[in-house]
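For clarity, chains are labelled A, B, C and D in written order, and residue numbers in each chain start from 1.
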């Protein structure tokens, strides 16, 4: 007989209290009831575990079919919509959907297109025809534009854009054909796991402390100085400003506020807390009450206290 | 009469309307008058051949590297897309290109669905030493497929260029011999690729093995031996 | 450039044929291509061919100072090279992944399996030992260069004869190093009573490598000694080096289709049978060659 | 080579006090490392490796030629800390042994990772060996499995690897360096769902009957490891899910939904 001494009895199958799904070798194959999915307790699964039968259910993302079983391929929570079973991975790269708002960084300038790192499995593509060119929104693309693409975006530039479509190989195509989108200035980038950014009514958040936030659904968050609130119309499209590489003057108070917000987001990301505008606002108020410097947030204790305070408040 | 020539050897090719095939080169001369009678030398080793009226001369070698020549039919594998067409590996030094419209009935909207790895029977439409070879899958005049196009199923095997020339010779014994045993389809590319297909897998394997056995660059079997060889195979 | 992968019809045809247990060269699933050996004029020079795959192995010996940490052991070094000569798929320069695998496998099969008695290569402890240098050169790759290289390597070891030496005090005298036997040499013109025939290496056991190729379809049984097309389209290789005493020397299966433990054991069993045949064939061929070189010392 | 250490005594105890089939303690730490998509520090006895997984991501410009149009490429790099092994020595990037180790890990995971989902992408697996006391390959493989899973990369199954050996006729499991130097060792990687082996490796002479013994034991041990690895992964994921669902963020999300 085998004996694995260092594994005391708690690891044998009979007392496997924590597991909700079993290996097919293990006797009791779980049965799938409707309420098995709708229960409040999220169902965890691991790669290689059988979720359900492939005859009654359809496989979605994060699963595959082998013979008659739907089997998980990622670690995460099992979700079900009607007959479709998916497993949502907790930590993963960004999975784009059309219409998503993303923040990205230019990695390469290619003929008539830019490549943009957007925390996805392939670099996104921004076609020259998908950006607003200086000299009016309706202006047609000229050959000279192709030659001076680096005047608009060059390697390393940050931008906010929307997912427009997908190419046949799955790469996403972006567009910045709106005044809300374009090059980013006057702030800093904070990255968080994409799952922490939920779909909100608006991903452009203005905090009263003079800080603007852009929550990219790909987990890239832009924290910047508040833009001047003069409503620019179509005519006010200012090429100089849109593709400028110069930061505006930022006073020290705003700089402190930006780093404070940035650090709050980092703390939340460390504690795996989904971000919302109200939460960020309240967290900011709490931080101001503590009268600490922005940097103390990143020390373990203050961060823990912040998350704890936010939990109690809820 | 067969004669073997080596590179550099002078060839007694003389004709008012001289046409030189692969492996031969007419040395350049100063004046137009002399051009007609300038000496011809071999650039490859092989057997010297000429047409009955001695106007066409060529050298038949046993090389394996395919050098594309216009109007030759070849078999190639699609290796990738490029713009409106495909890149095709035909065993030449450079990949050939095939326009998406060079098919029977192809339009801008309606192109044949070819994948990377698809096998094609095509004709070399352009072969120039400074350019990538180009292929077409139809007759440029009639726009008919003419037997060209994608080859589905079956098996493709590699043989020497000489073997593929032999197979294209209607007088050669092998294909009729095999055809008398079982039904088969074959497409022979001048680039040393032969596509064969038959109903039964084992028949296709037998064909492939026979071609390999007969290949002068391999087994070099003659007709009686092939018959013996075939009778030993389980078909 | 990566070689273009086989076309779709080739792929389909091969898989279909294998499903019917047919191989393109007419072999059975568990048949090896019969290896043929050509020995060179020198001892320890062998060309091994399996089908169109051809490998040359050459072994020579020279006297060196032993490594300080191993004063009683001879040194064995193995060089192997796959140049673009073997197949246009290999690039010159940077060692390819295949080359790394081949080098490591040769090292494991021939050197680390302790096939050669290293202590018998010692001439004078701490002073002089034999260094055996094996060079394996792949001439043509038509599939399964690994088995062919291992075979060529081990046959080279068995074919080799090292010169006899005489040790008087600290003086080492090589006894007639030029007496490398030539084929069909029947008579030595010069000889003296002190001349002795060169001696063969002390070989503990003779490992042979057998490679199996698996295919993506679960129902297709693995084939032994894959051809180039089979190797390209396979979904994993398992190499087993064994000797005729049914001892496994190296077993290498990294990735490829997951295999049931029973299947692995079955393959080992098959390998043990194949290796026995190989061993017999090699011994017979070596004997034949040796007979042909018979020297008559009067 | 010959050891003066008694590898296994009359009471069937090994030099470090273990029974023949006893495994060393495993500890798994999912602490984040830098910007990696998935990372884990895995220690098995005194062997400790740290694995970071990056990707799937766009191939770096220099390596774009090596990508496939229909699947992702795996890139494995192994580094051995000079202080982690008995003899302090720097190993360059060209070290044949490390290259082979990386190649083995790469080919082990190629059929396990669902690479066909990510055409033209690259998945990087960076392995740092911090401490080495036998069972390097199994540790790298187990840690890579866990790191790939935490990076949310779809896998067909876990790969659980373990080393085994034979002393006389007694099969042993989970060898230390001392044991590895003296007895024939086998490394087996199993996929627990089907019980099939993706990796079988042996480099020393062993009779096939002895091999069969240790091979079977190792296959079973792989399944035990699996339960350990799965537990750790579940615990970590459960933890994150709890934070996600019950943390302050969720309350805020609910609030916004209500308003």
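The rule we apply is simple: a residue touches a chain if its C-beta (ideal position, glycine included) is under 8 Å from a C-beta of that chain, and two chains touch if they have at least 3 such contacts.
Predicted, not measured: the structure shown is a model, and the values here were computed from it.
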Set of chains whose contacts include both subunit D and subunit B: C
Chain occupying the most central position, where position means C-alpha average: D
Chain pair whose interface holds the most contacting C-beta pairs: A-D
Distance between the centres, which are taken as Cα means, of subunit D and subunit C, whole angstrom: 32
Approximate Å spacing (C-alpha centroids) for the pair subunit A, subunit B: 57
Rounded Å distance between subunit B and subunit C, as computed from the means of their C-alpha atoms: 39
Contacts with two or more other chains, residues of subunit D listed in rising order: 69, 191, 195
Residues of subunit A defined as touching subunit D within the complex: 2-7, 11, 13, 16, 18-19, 23-25, 42, 44, 46-50, 62, 64, 71, 73-77, 89-93, 107-108, 115, 117, 120-123, 169-171, 191, 195-196, 198, 200-201, 268, 270-279, 282, 307, 310-311, 313-314
Touching residues on subunit D, where the partner in the complex is subunit A: 18-19, 21-25, 32, 35, 37-38, 55-58, 61, 69, 72, 114, 118-121, 149-158, 191-193, 195, 217, 220-221, 223-224, 226-228, 230-231, 233-235, 237-238, 240-241, 243-245, 247-253, 255-256
Residues of subunit D touching subunit C in the complex: 65-66, 96, 99-100, 103-104, 106-112, 186, 191, 194-209, 211-212, 215-216, 219
Of subunit C, residues touching subunit B in the complex: 4-14, 16-17, 20, 22-26
Partner subunit D, residues of subunit C touching it in the complex: 1-2, 97, 100-101, 103-104, 108, 112-114, 205, 235-236, 238, 242-243, 245-261, 264-265, 268-269, 272
